[in-house]
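In C-alpha cells below, several structures.
The same subunit A turns up in both complexes below, where it pairs with subunit B and then with subunit C.
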Partner chain A sequence: MLYFVARRLVSALSVVLVTLIATFALFFIAPTDPAAAICGDRNCTQERYNEIKKNLNLDQPKVQQFAEYTAGIFAGRTFETSGVIQDCNAPCLGYSFKNDRPVTQMIKDRLPVTVSLVAGYAVLVLTIGVFVGSMAAKRRGTLGDRALMSSTLILSSVPYYIVALMISLYFTILYPILPRGGYTPLTDNAGKWFAGLLTPWLVLGIYNCTAYARYSRGSMVETLSEDYIRTARAKGLSDRKVTYKHALRSGMIPVITIFGLDVAGSLAGAIFTERIFDLPGLGNLVLQSLETYDLPVIMGTVLVASVVLVAMNFIVDVAYSLIDPRVRLS
Partner chain B sequence: MTTPAPEDRKDSMAESAGEQAAAAADAKRGPSVATREKRAGLMNPSGETPYLVVEDLTVKFPTADGVVSAVNGLSYSVPLGRTLSIVGESGSGKSVSSMAVMGLHDRKRTQITGSIRLGGDELIGLSENDLMKVRGDAVAMVFQDPQSSLHPLYTIGNQISEAYRVHHKVSKDVAKKRALEMLDLVGIPNPIRRFGQYPHEFSGGMRQRAMIAMGLVNDPKLIIADEPTTALDVTVQAQILDLLNNLQKEFGSAIVLITHDLGVVAEMADDVLVMYAGRCVEYGTAEDVLANPRMPYTWGLLESIPTVSAASEKLRPIKGLPPSLLNLPSGCSFNPRCPYKDRVKGERCTTDLPDLLPVDGAGAHTSRCHLHDKASIYETEVLPRLS
Partner chain C sequence: MSIGSPDSTVGIEDHPASAEPERAKGVAHGKSPTRIAMDRLRKDKVAIVCATIVVLFILVAVFAPLLVKLEGADIGTFNPDLVDAYGFPVNGPTPAHWFGVEPKTGRDNFARWVYGARPSLIIAFIATVSGTVIGVVMGLLAGFLGGWVDRIISWVIDFVLSLPYLLFAIAMVPIVEQLRGGSFNLTPAEQAQIRFFVLIFVLSFFGWAGLARIIRGEVLSLREREFVLAAKAIGVPTRQVLFKELLPNLVAPIVISASLALPAYVTAEAGLSFLGVGLIEPVPSWGQTIATATNWFKADPIYLWLPVLGITILVLALALLGDAVRDAFDPKTRR
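Up next, the complex of A and B:
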C-alpha cells in the first residue's frame, strides 16, 4: 500500500513538472512579447515596459528565465516596480504589475471562497446523486425509475447558466425564499458564510447531481446483476444492506473517477456560479485576468488548476486502492 | 428452522397414506396425473421422511415475448443426509427451480406457484422479511463460479463472518472465531492468514472451499450446490466433491446438487432427477436412474459421456437443441430430438404430454415417456452402446 502511494506520488510530481514547463513555454517561448503582454496596452509606459523586461530577465537565455521562474516558486524572488523592490515570497507565481500585487497573494485571497463552494457542492452531489441513482437502479424498469431518469434528463438539458440565473432571479430577488449569494469568511461569521453559500450550493449541486444520478444508476444496474450480489442475498442479508453495502462499494468506483475530475475542474474556477452568485472566487479571478489580459495571473491560475487536477487524480488513485484491493497489485 | 418434530412426521406419514388411499380410489376411475405427481413429490424414492418437499412447483417469467415457463409442475423431496442430483442441459430449469427454493427470484418479475416445504414449513408466500431469515440459515447455496460469486472487494474472512452475523447476534470477535473454524473445517491451510486475504489472492479450489465455508457457517439443514465444480480444474473437482461428501456425513444435511455432469452424479447422488425443458422427465434413486434409465433423454445423456476405452468412437451427442421455453413443442417436449418416437403408435409423442409414471407400475422410480418396451430397448439397444 505504501509503495503504491509512493509510486503514484512520484508520477504525480513529474506531471506537475511537465505542466510547469508547458505553462512557461506557452507564454514565454511562444513568439510573443511577454513584457508587452504583462505591461498591458492601455497605460503602459516605455519606462514600465523596460522595468518589466529587466525584472523578468527577458534579455537572458530562456533556460535562465525558466530557472528564475521555478526558483521563485520554491524560494521566492523580488520584483522592482516604480523603483520600489517588492518581495514575492515562495511560492511566488509571479507579480501582477496591473494590480501591484504578487499573484500568489491574489490566488490565496480567492481560494477559500472557491474551496467553500466546492466542498459543499461535493457533499451534495455525491449524496443526492448517488442516492437517487441507486434508488433508480434498484427499481429499474419501474415507473419510479423512469420518472427519476427523465426528470434528470430534462433538468440537465437546460444550460446551467440559465438555470442558475433563473433561480437567482426568482428565488433570491423576486420571491426571496432563498438567501442571496455572497461570501463571508467562515472564521468571521459561520452563519453568514453558510447563508451566502446555500443557494449556490443547491443550484450547483442539484443541477450536477443529475449527471451523477445517471452515472450511478448505470454503474449500479451493472453491479446489482453480479453473481456476488446474488451471493449476498443468499446469505440472508436485507435488501438495504445488499444495495448500500455490497453493491454500492463496487458501483462507486467509476463514479469516483468522474467525481475527482469534476471537483478538480470546479476548484479551478466555477466561473458561472461565482459570477452569478457574486462570489469572489478563483473563477472570478480568472475571468478578470482574462478581461484585462493580466498574464502573470493567468499563468498562476493555470498552474494552480493543473496542480489541483494532478492532486485530485492522485487522491482518486489512492481512493481506488482503498476501495479495490486488486488495484494495489497493478 | 428446526428438524420436523415427531408429530410432524406422523402427520406427513398420515398424509401420504391418505394420498395413497386417494390414489387407489382414483385408480378405479383411471389414473390422475395430479395425484400421482403429488405422491411422487411427497414420498422420497428412499422412503425416508423428507426435509425438503417441492410439490408441483411452477416458475414463470413474463417477458416482452410472452410468458416463459422455466419450471413446470416439478415435484421432488430430499430427506436429511441424502443427496439429490438434478441433471439437465442449460435452460432445463435446474437452477431456476433451486433459486425458487432460496426465494432468490425477483418477486415482481416472477410467478411462482406450487409448494416448497422446508421441515414442514411452507416457503411459498412468505414475506421477504421471513424468507431472509431462512436464507443462509436453514438453506445455504454454493454457487457455480466462486470467482464471480465472492465479493472482490471484501476479505474472505469478512464475507464469512458477515454470513454468520446475519443470523447470530454476536460480536465481531465471536464471528471471526467461527469463520476461522469454518476455514479450517473446509481444509484451507493457515486460516488466520487467509482470513484477511481477498478472493483474488485465492486459487480456484480454495475459493470454492471458502464459498462452502460461507455456506455452512450457519449449519444449514439444506445445501443447494449449483454446479459447484463446473468452474474448477478436474483434479480440484474431486477434492471439492469429497469435501461436500464428508461435510454431509458430519452434519447430516440434505444436499441438492445441480449438475450436468453425470460423473459427478454417479459419485455424489443418492437420488437423481432428470429435467428437460422445465419438467421432470425421470426421477428415482441413483441406482435406478443410472443403471436402469427409462427415458430416451436420460439414455442420450448417458451415451454422450465420452469414454476413453472406445478409442475409435466419436462423441455421441443428443442431436438438436433444447426447445425454446417460450414455444415448447406440443406433446412430449423431447419429441423433436427423440430417436425412438416412431416406435410409439400414432402421433402420441407429438400430441400428448406423457405423464410421470412409475416405470414398473408401482415403485418410486418414475419416468415421462410413451414407449411401452422401455426396458427392452434399453437393454438390447442402448446398453451395448454404453460399454
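Up next, the complex of A and C:
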C-alpha cells in the first residue's frame, strides 16, 4: 500500500514539475520578447516595458528566471512598479502589470465564485444522477428505463454551452421564469447568493447528471445481479433496504471516482457557465485577461488549475486503492 | 536474400495469419468483424438518418460557393442600407436574402451560415485524423515495445490527460500570436489564420492521449497471441508486425474513438470560437456568430437560431451516429 502511494506521489509530483516548466516555457521562452508580450501591444509605454524587463530579470539566463519564478511560488518575491515596491507573498504566481496587483490576489478574489458554483453543482449532480441511475437500474428493461436512457443520450449530445445559453437567454431574460445569473458574496446576502447561482447550478447539474445517471445505472445493474444481493433478498430484507443499503454502497464506488475528477475538472473548466451566466469566477478571469493580453494572470491560473487536477487525480487514485485492493497491483 | 530482410516476407504479407481466410466465389464464408459491423450499421435506422444528415452538412460545406451564388449574395458584402440607424435589420427574410441580414453590418445570414459549416467540419476532421494517427502510433509503440519506451509514452499520456485543456487552449492563443509579431501588428486575416491552426493543434494535442491509452492496452494483450509470435518467429520486421498484423485487429477501438472524437471536436471548435478564443472575423464561424447574436436575440432571433440549430443538429447527428457505430463494433452486443 505504502509503495503504491509513494509511486503515485512521485508520478504526481513529476507531472506538477513538468507543468511548471511547460507553463514557464510557454510564457517566457516561446515568445521572442516576453516583456512585450506581458506589457501588451496597446498602451504599452517604453518605461513600462523597461520596468517589466528589469523586474523579471529578462536579460538574465532563462534558468535563473525560472529559478526566481519557482522561488517566488514558495517564498514570495517583490516587484517594483512605478517606483513603488510591491510585495508578492508566497505563493507568488507572478505580477499583473496591467492591473498592478499580484496574480495570487486576483485568483483569490475569484476563487469563492467558482467554488460556490462547483459546490452546488456537485451536490445536485450527485443526488439527481445517482437517484435517476439507480431507479433505472431497478426497473431495467422497462419502457421507463429505455425512455430515460435514450433521452439522457440525446440531451448529453447537444453541446453544453448551447443548452446553457438558450436557457439563460430565454428563461432568465426574455421570460424570467428562473432568476438571472449573478454573484453576490455569501457573507453579504445569502438569499441573493443563492438566487444568483440557482440557474447555473440547475443547468450545470441537470445537463451533467445524464452522464452520472448512465454510470450509476450501469454500475447498479452489475451490482444488483451479484450473489450477495440475492442472499440479502433470500434473507427476507425489504426491497428498499437491499437496493439502497446493500447495492448502492458498492455500486457507487466507480461513480465516486468519476465524481472526484469531474469536480476537479469543473474548478478549471466552468468557463462556459461563468461566461454565460455572468459569474466573475476563475474562468471569466482568464477570458478577461485574454482580452487585455494580461499573460501573467493566464499563466498563474493555468498553473493553479493543473495542480488542482493533478492533486485530485492523486487523491482519487489513493482513495480508490483503499476501497479496492486490486488496483494496487497494476 | 537473408531471412528477416523485408524481401523474405513477400509471400507472408499476402496471407497474414490474422486476416480472414481466402474466399471462393459462391461458397459460404465467415465475415470479418468489420463486415459484420457494417451490416449491422446498415440495418440501424437511426444510424442511416444521422449519416444522411452528416452527409448533407458536408455537401453544404463543399458546395458553399454554389449555394451562395444560387441565392445571389456573398459573405463579405456590407449592406448598410438594410439596417436602420440602431443597427437592426430593416426587413426579415427576402428573396434576395433568404434568412435576412446580420444586424449592424447587413451581411447576408444564409451565406455566413453556409460558409460557417466549413471551418467546423474542416477543423474537426483534421483534428480527428491527426489525433487518431498520433494516438495509434504512440499506443502501438508503447504496447508493443514495452520497457522504457512504454514508460515514457505512458507518462506523457498521463501528463496530457491531466492538463486542463480549455485553459491551455486559451493560453496558446496569445503566445502564438505574439510569436507571429503580436496581435497589434497582424491583419485580421492573418490573425484568423493563426487561430485556425492553433485550434487544430490544440484539439489534436489533447485528443490523441485517450486513444493511445486504449490502443496500448489492446496491444499488450494482442502481442502475446500466437499469430504475432508466429510472425516474429519467421522474422517479420517489427514495423510490419505493427502495421500489418496488429493494426487490422485494432480497427474497432480506432473507429469507435474517431466516431466519438468528431462531434466532440465540432463542439469544441464552436465553443472556443464562442468564447472568443477560436476563429475570428473575417472567417465566418457558427460559434462566433452565436456570441455576437446573443446581443440581438430579442430583435433578430433568426440570426441566433441559424448557427445554434446548425451546431446542434450536426453534433447530435454525429454523436448518435458515433453511438450506433460503437454498438455495431462492440462484440458484447452481437446478436
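One rule holds in what follows: the second predicted complex is superposed on the first by the 293 of 330 C-alpha atoms of A that agree within 3 Å, B and C clash if a C-alpha of one lies under 4 Å from a C-alpha of the other, contacts with A are read in each partner's own complex, and residues count from 1 in each chain.
To be clear about the criterion, contacts are C-beta pairs under 8 Å (C-beta built on N, C-alpha and C of every residue); 3 or more make two chains touch, one makes a residue touch a chain.
In this text, all values refer to a predicted model and were calculated from it rather than measured experimentally.
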{"item": "First (subunit B), second (subunit C), both or neither touched by A:134", "value": "neither"}
{"item": "First (subunit B), second (subunit C), both or neither touched by A:152", "value": "neither"}
{"item": "Subunit B versus subunit C as contact partner of A:321, first or second or both or neither", "value": "neither"}
{"item": "Subunit B versus subunit C as contact partner of A:227, first or second or both or neither", "value": "first"}
{"item": "Partner chain(s) touched by A:11 [first = subunit B, second = subunit C, both, neither]", "value": "second"}
{"item": "First, second, both or neither for A:172, with subunit B first and subunit C second", "value": "neither"}
{"item": "Superposition-derived comparison: subunit B or subunit C, residues of subunit A touched", "value": "C"}
{"item": "Subunit A positions touched by subunit B in one structure and by subunit C in the second", "value": "none"}
{"item": "Interface residues, subunit B side, partner subunit A - complex", "value": "102, 104, 108, 128, 132-137, 140-141, 143, 145, 148-154, 162-163, 166-167, 198, 200, 211, 214"}
{"item": "Residues of subunit A that touch subunit C when the two form their complex", "value": "11, 14-15, 18-19, 23, 26-27, 30-33, 36-37, 41-42, 153-154, 157-159, 161-162, 165-166, 169, 174, 265, 268-269, 271-272, 275, 286-287, 290-291, 293, 295, 298-299, 301-302, 305-306, 309-310, 313"}
{"item": "Residue ranges of subunit A in contact with subunit B within the complex", "value": "142, 226-228, 230-239, 246, 249-250, 323-326, 329"}
{"item": "Subunit C - residues contacting subunit A, complex", "value": "155, 158-159, 162-164, 166-168, 170-175, 178-179, 182-185, 263, 267, 270-271, 274-277, 290, 294, 297-298, 304, 308, 311-312, 315-316, 319-320, 323"}
